[in-house]
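Please find one structure pasted underneath; my questions will follow.
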Amino acid sequence: MSTNVLEVQDLQTHLHLRRGVVKAVNQVSFSIAYGETLGLIGESGSGKTMTGLSLLGLLPRPAGRIVGGSIRLNGRELSQLNQATYAAQIRGKEIAMISQDPMTSLNPVFSIGSQVAAPIRRHRHDTDQTALALATEELHRVRVPSPALRISHFPHQFSGGMRQRVIAAMATACRPNLLIADEPTSALDVTIQVQLMDLLDQLQDESGAGLLFITHDLGVAASLCDRVAVMYAGSVVETAAVTDLYAAPAHPYTRGLLASVPRIGIKTERGRLFSIPGTPPDPLDLPMGCAFAPRCDLVKDRCHRESPPLIDKGGREIACFEVQ
Amino acid sequence: TRDDTLTIAFAAEATQVDPTRTTAGVDAYFMSLFFEQLLSTAPDLQRINWLAEKWSIIDTNNAVKIKVKVREGVLFHNGDELTTEDFRFAYQRMREPTSGVSVYVRYITDVEIHNRYEMTLHLSQPDPTVVLSNLHIWALPKAYFERVGEAGFQKHPIGTGPWKFVSRKPREELIIERFDEYWNKDVQPGYKRLVIKIIPEDTTRVAAYKTGAVDWIDAVPPAQAAEFATLPNTRVIDLPAPNNMFLNLNAIDRDSPFRDPRVRLAVAHAVDYDAIIKYVLFGKGIRTAQLAPGTLGYDPDLAPHPYDPNRARALLAEAGYANGVGINCYNLTTPREPYMKEIGETIYAYLAQVGINCRIVQLEYGAWINVGRFNARPWMDGLQSTMWGQGLPGDPTTAWGGHLHSNGDGWGGYSYHSDAKLDARVKELRTLINDDERAVKIKELATLKHKLAAGGIPTYRPIITFAWRDTVDFKPWPTAFWRAMRQIGPCPSRACTPTTLPE
Amino acid sequence: MLNLRAIKCHFQTNGQIVRAVDGVNLDIVKGETFALVGESGCGKSTLAKIILGLAPITAGSMSFAGEPLIKFNKRFRRRVQVVFQDPYSSLNPRLKVSTILSEPMWAHGFKRDEVTQRLELVMALVGLQTNAGNLYPHEFSGGQRQRIAIARALMLAPELILLDEPISALDVSIRAQILNLLQDLQDELNITYLLIAHDLALVQHASDRVAVMYLGRIVETGPTEKIFASPQHPYTQALISAVPEPDPTIARNSNLIRGEVASAIEPPTGCHFHPRCPHKIDRCTKESPPLVAREQVQVSCWVIGSGDLNVAK
Amino acid sequence: MGAESILKQRSIFASLRTWLGFARFPYIAMTVLGLVLVAAFFGSWISPHSANEIDLAMRLTPPAWLDGGSSAHILGTDNLGRDILSRLIAGARVSVTIAAYAIILSGALGTFLGMAAGYFGGWIDAIISRLIDIQMSVPSIPLAMLFVAVLSPGEAMVVFIIVLSYWTWYARIVRGEVLSLRERDYIALAKVAGVSTPVIFIRHLWPNVLNTLLVLATLQFGSVIVFEAGLSFLGLGIQPPDVSWGGMLSDGRNYIEVAWWLITMPGFAIMMACLASNIVGDWLRDTLDPRLKQS
Amino acid sequence: MARYLFSRLWQGLIAILGAVLIVFIAQRLAGDPLALLLPMDASEADFEALRVELGLDQPLLVQFFRFLQSVLVGDFGYSYQWQTPALDLILDRLPATLELAVAGLLFAIVLAIPLGVFSALYQDSWVDRVAKVFAMLGQAIPSFWIGLLLILFFAVTLNWLPAYGRGNLSHLVLPAIALGWYPVAAMTRTLRSAMLDILQSDYIRMARSVGLSERAIIWKYALRNAAVPLATMIGVYFANMLGGAFVVEVVFAWPGVGRTVVEAVFNRDFPVVQAGVILSAVVFVLVNLLVDLSYGLIDPRIRHGR
């Protein structure tokens, strides 16, 4: 049985900059079930982070705002919520986030203990003492060695991997139903990356929460996610179960992406990698129709005029006129 | 209680309380509160006996002797009785090289003590200035001084004056108390305590009076003098300063243009002092040629050099400066007299209009004294505008000895002039005792000096305005530029008026 | 072609010594792509800087094409060039692209028309339009900038090009383009590459031989195929197995090693890797193991040397 | 709602932004700066009166638009009847002259030391950095006091004091700039390509430093004007008969109750000159910095 | 931390030493000190005697060390003008200056913190515009002019507040505003840009993402991070105010250190000027040392010697 913890419908997020409007998230729809890990993959600037921040109501201010669509968490509409309610009832309690850079995501001037205890105090209204005790437990849970000692330490006394654990402890301290991990492993070395992925698996097993895992690393997505949504220029172009997607990518972009990545074990005979021609579009000046059309080898006239909707097709969703 | 204490404000402040160490006129502000001399000048500008009960000049064989009987029963603030020993002690201090006032006792060779109250001053030559300067020997407490030493005396000076020193914060305030055992009950202050605030800024001082923070101020800015006269419950008095706005010209340096009398006269004719008095000083000034009324040998017929820029230019051209001349102009200012800085600048601006171009050096008076004392006189080339006395009240001899005689043989010794003939005339005056003869000679010399514009050019005497509330009874004494504070007390009737002043 | 012997490079910062490179031997053969892999901070870039004469050597010697490399003279400068990771800071924002590209040749006193000729040739080689020369760097995308950076490196027709993570700053979909370009250039011009990367898949794809670095030292080196097929050093094994494969059917390898990379300021005694090594023996904590040839690969490990370690996975 | 409304909202304040120098080109600020320069260079031609011409009968005449004002003295006269407008113009000359000397000298000294420290590092850097530290821990006004007390005030002294207290601006910033430029990849690449050190200096370092210098100099212009005015206000700077805005303020103090224009006019001149130079400096900084231009 | 403090202390000492050296050099530029000490008609022998007594016949280096020695024990000689120890004269004025500096600083802080924070929070809002205008004007309007304008409006025209002198609290208002005027602008700008950086930082996003209230985030988290640049500013301006709020003290006839030194300059009263200059250097260094200490309290990275 799997009910959806999160349902996103036609989410549209715009950034109003001096130079123009960036349609960072463009009609994005997906859902996540309890205990499920949805991978959100796509290259830099494709709108992954903005999607995650839209869910948290933490778009950059004053530029960013949600201009359309709905975000439902356990059936509750979030897109119209005001900041105070968001802070008091959603963030940290229902949804939490592990961010990309462990080196900069902890406040350098507060002790680890007080930072981990902060959400506990906020959402469980505990006293400082009990919150600190609980924080120690949380650190223990994410396998920070000798947590009782470490709570009085400061971020700069921790290594990158350890900080990422602390952040995980902070994010999951109030057992949120949805965890967003925005490239949590990108800044880590591969040997540490494995450790963190193990930890994420463990945390999810314990809590049964949904996990939105944002990454641009196809390998990481493959080894951690249940389903994957591929983003390109602000839109989801394909969503599928992870095995299906890797076995038979349907959208031309997904196909190109998978083919262009070298893999260990498969030696491409000193040969060339497949490469997608052209460059990603300027986010300020997205082309009409399908954003991928200028680089696509299956492109037809229609692609330049209409943007293809995300259509369910045999258990996966694809946004392409040709493949459908 | 409030009636016991009066808070007043001075614009300027003494830097030195030891009368044998003074170098600047403002020092008299404080000295006159605590210390006294043998003679004094009364409000009517008459010389009166003070600490001396009587005195007389005894002339034997060219040498001059002055016999003095000191008043009996005069007490210092610590209760010691004043004796002739104290005068002798003061005399010796005044003779020391570090003294600033040795000029007054230059020709006194000895103070001979006969007993506690009688002494004789021995002079090496006749010197009328000794008398003219009120037998300028101060009553200093010898015993006290020897006990506390130089520094101790600076910290807590005592004298025989009507006020006792209580405390002092330089640049802030001086607190003094009435000396109840003061010998001269006639002029004993009415207040028990006087707090003297030092407020050099005109606006601040005026504000302090208006807000009631102080009840007496000196140097009301001329611009506001008229307004003060109309303030309710306020009395004002205009008192002519004993000083002149004085232009001192360096006529001794080899390359100084002022060696030429025509250039000096050009300076005298270039500036419109009447306009300055009228517009800048709001009439609070008296144009002077040389000496002021009340001075021995004052000549009402000697007219000031008229404002005549064309004449000034012509004189300059004659002297070979048709294209103008550049000089340093030292603007020596004190907060004692009003608007000195800008009047200096005004004068320099007038000079520029006839071709005498000033590079202005702004100096506080004290700074000038401190500037390079390597020679007998502070270094000054060019021209200097400053407040300078010409022997008022009394006699100009000491003053002329200071700035006309080439050796600076007189008060201050800041002479920038050298002319053997004039020197001889000054010398002659120094030994001439008879007042009538002196008056004639002074008149002659003043005329000569005026014609040559020698030894500096007097311009105008500022009129200082004092203001106080009508709850105060105040009678100004000429000592210390009228700030002696001898007769000051509460005025319960609010109808006390100051004694009328002499012209 | 390029030989490094016992190269050490220690930095002094705040009174502490950073052992960025701590005794490295390397031999690069003409025409090959030699890859240097290792985790962040292990000294890869420092090694590149040493080869370029941009960082001082604390100890050791280098030779290039048989001649000892003591002074970095103009002749050497022409033969070795570099492409850095960041295409933004590699190009002076105030200069036109043509100036940027010509500068190396001007420095070597080439004539004006020689430079113009070469410029056209090289721009064509890397796939830049001719009018690109009149533009400024900020008018280009990251991928194009990296093409410019490569073009610049090619201007002097070098024999060896150091590639310090040449594609890791680029968009995923662009990386293949640049990688292919580099390979094409090598085939065409017979250039030798020293490729620095931490992306193992890339290394496996693009290099002929590889050296694995750990905390300033090389722990294993040999032909790429050999090493990826049967890594011998425990660290190499862990590194390769930790790379997640873009294939959901392959289960993630659970972690082989624990802990994190130690600091280069106070590296562990003996074998630098011993605190994280699952096979460590006493000796590892005391003496640092030399690189020992085993078949085609060279490994620096006491345990393998004593035969105690079961090499096969 | 959305982008359009925001864009409209912006345009309402566009003029304010221009004023404050946040928009494209700071017209008003440039004009003010231009006026100051014109006054400085052509003052003797445009000045209605001579700056030191006194007319005691006309003293304290209010500005022309007030009761009692005179059209001969548009901004009124001071306590000696001198024309305030003419004095402002004369003051501009003094301010600009001093600023020019001070900027050139402190810029040259600071840049030289900063570049040396940044590029060579080592003991040279250590000594220069220490010098900067010392200079920065002696506040500049007391220092000025000391030198004025010892020597005598005047234009040269003001320049000397400004140079003494401002060279650290340049030295510190140029040093930092050179330090960071030195680490740029394109410098390393130039070295790798065999480009000689002088060429690296001229082609890669100097243009960046030059921009910084230009911005600093513009900003310093305003700062120097205020600093000089402060010194002159205290009587430690420009001495009469030379006219300075600070000196005018100081003279006007005594008449604050009867003639407000004596202190407002020179103060306004100081403010406008400084404001303009700050705005132009900010604008230059934004314009010259390609990074800022992009974002 | 100890190491850090030690190095700061060392730097401070060097700086003070530098200041003393500058003063020493300036003193020598003033000409023969004997000429200033001796009366006008002193003889050559008097000169010689005093020269030996004061050690002026010694090599310059020895003289410098003697000077340093006397500075260390606070002996700057007697004021020429007041015949009292120069340092006492300055120290007597310190309370007044301290009072004014504290008031000015409080004014600056109380205004700058909300202005800086709110203008960073609500970029381009009216608060931000006001803050920007304020920051611009603060830089362009010199403190002596703002002082005179304040007097003109609040004392002369409206007659609300006393303009001059020291007295009760109302006397403090105008000078404190004039003194705090520039620091408000500078601190607002520093705080604004620091807050902008901080509010965009990952750790603030992290704090938000766990649901901390906006109030706590701004006033507890972000402000603490902004405290380091703010403390630097506060330190610099406080030190400057203490070392001599010359202009403001002169404008408001405030009986403080600054005005005393200015007067001493006009009177060529070198000992007092020297004492004033060295005192302000020492205060500057001390206050900055305190600020450095406070960094340790604010930022653990510094505390742990990073």
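Going in written order, the chains are labelled A, B, C, D and E, and every chain counts its residues from 1.
Basically, a contact is a pair of C-beta atoms (placed from the backbone, for glycine too) under 8 Å apart; a residue touches a chain by one contact, two chains touch by 3 or more.
Remember, it's a predicted structure, so these values are computed and weren't measured experimentally.
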item	value
Both-way neighbours, i.e. chains that touch chain D and touch chain A	C, E
Steps needed, at minimum, to go from chain B to chain D via contacts	1
Centroid comparison with chain A (C-alpha atoms), farthest chain	B
Chain pair showing more contacts of the two, A-C and A-E	A-C
Innermost chain, taking as reference the mean of every protein Cα atom displayed	E
Mean-CA-position distance for chain B and chain A (Å)	90
Where chain B and chain E are represented by their mean Cα positions, the distance between them in whole Å	41
Rounded Å distance, chain C centre to chain E centre (Cα mean)	53
Where chain B touches two or more other chains at once, by residue number	203, 362
Touching two or more other chains - residue numbers and ranges from chain E	124, 266, 268-269
Chain C: positions in contact with at least two other chains	none
Complex contact set, residues of chain E against chain B	31-32, 35-36, 38-43, 46, 80-84, 89, 92-93, 155, 162-165, 167, 253, 255, 259-260, 263, 266-269
Residues of chain A that touch chain C when the two form their complex	43-45, 159-162, 189-195, 197-198, 216-225, 242-243, 246-247, 256-258, 260-265, 267-268, 270, 272-277, 279-280, 295
Complex interface listing, chain C residues touching chain D	49, 52-54, 74, 77-78, 80-82, 84, 86, 89-95, 100, 103-104, 106-108, 136, 138, 149, 152, 155-156
Residue numbers on chain B that touch chain E, as the complex places them	15-16, 97-100, 154, 169-172, 199-201, 203-204, 207-208, 211, 213, 362-364, 366-367, 370-377, 413
Chain E contact footprint on chain D (complex, rising order)	10, 13, 16, 20, 22, 130, 133-139, 141-143, 145-151, 222-223, 226, 229-230, 233-236, 246, 249, 252-253, 256-257, 260, 263-264, 267, 270-272, 274-275, 278-279
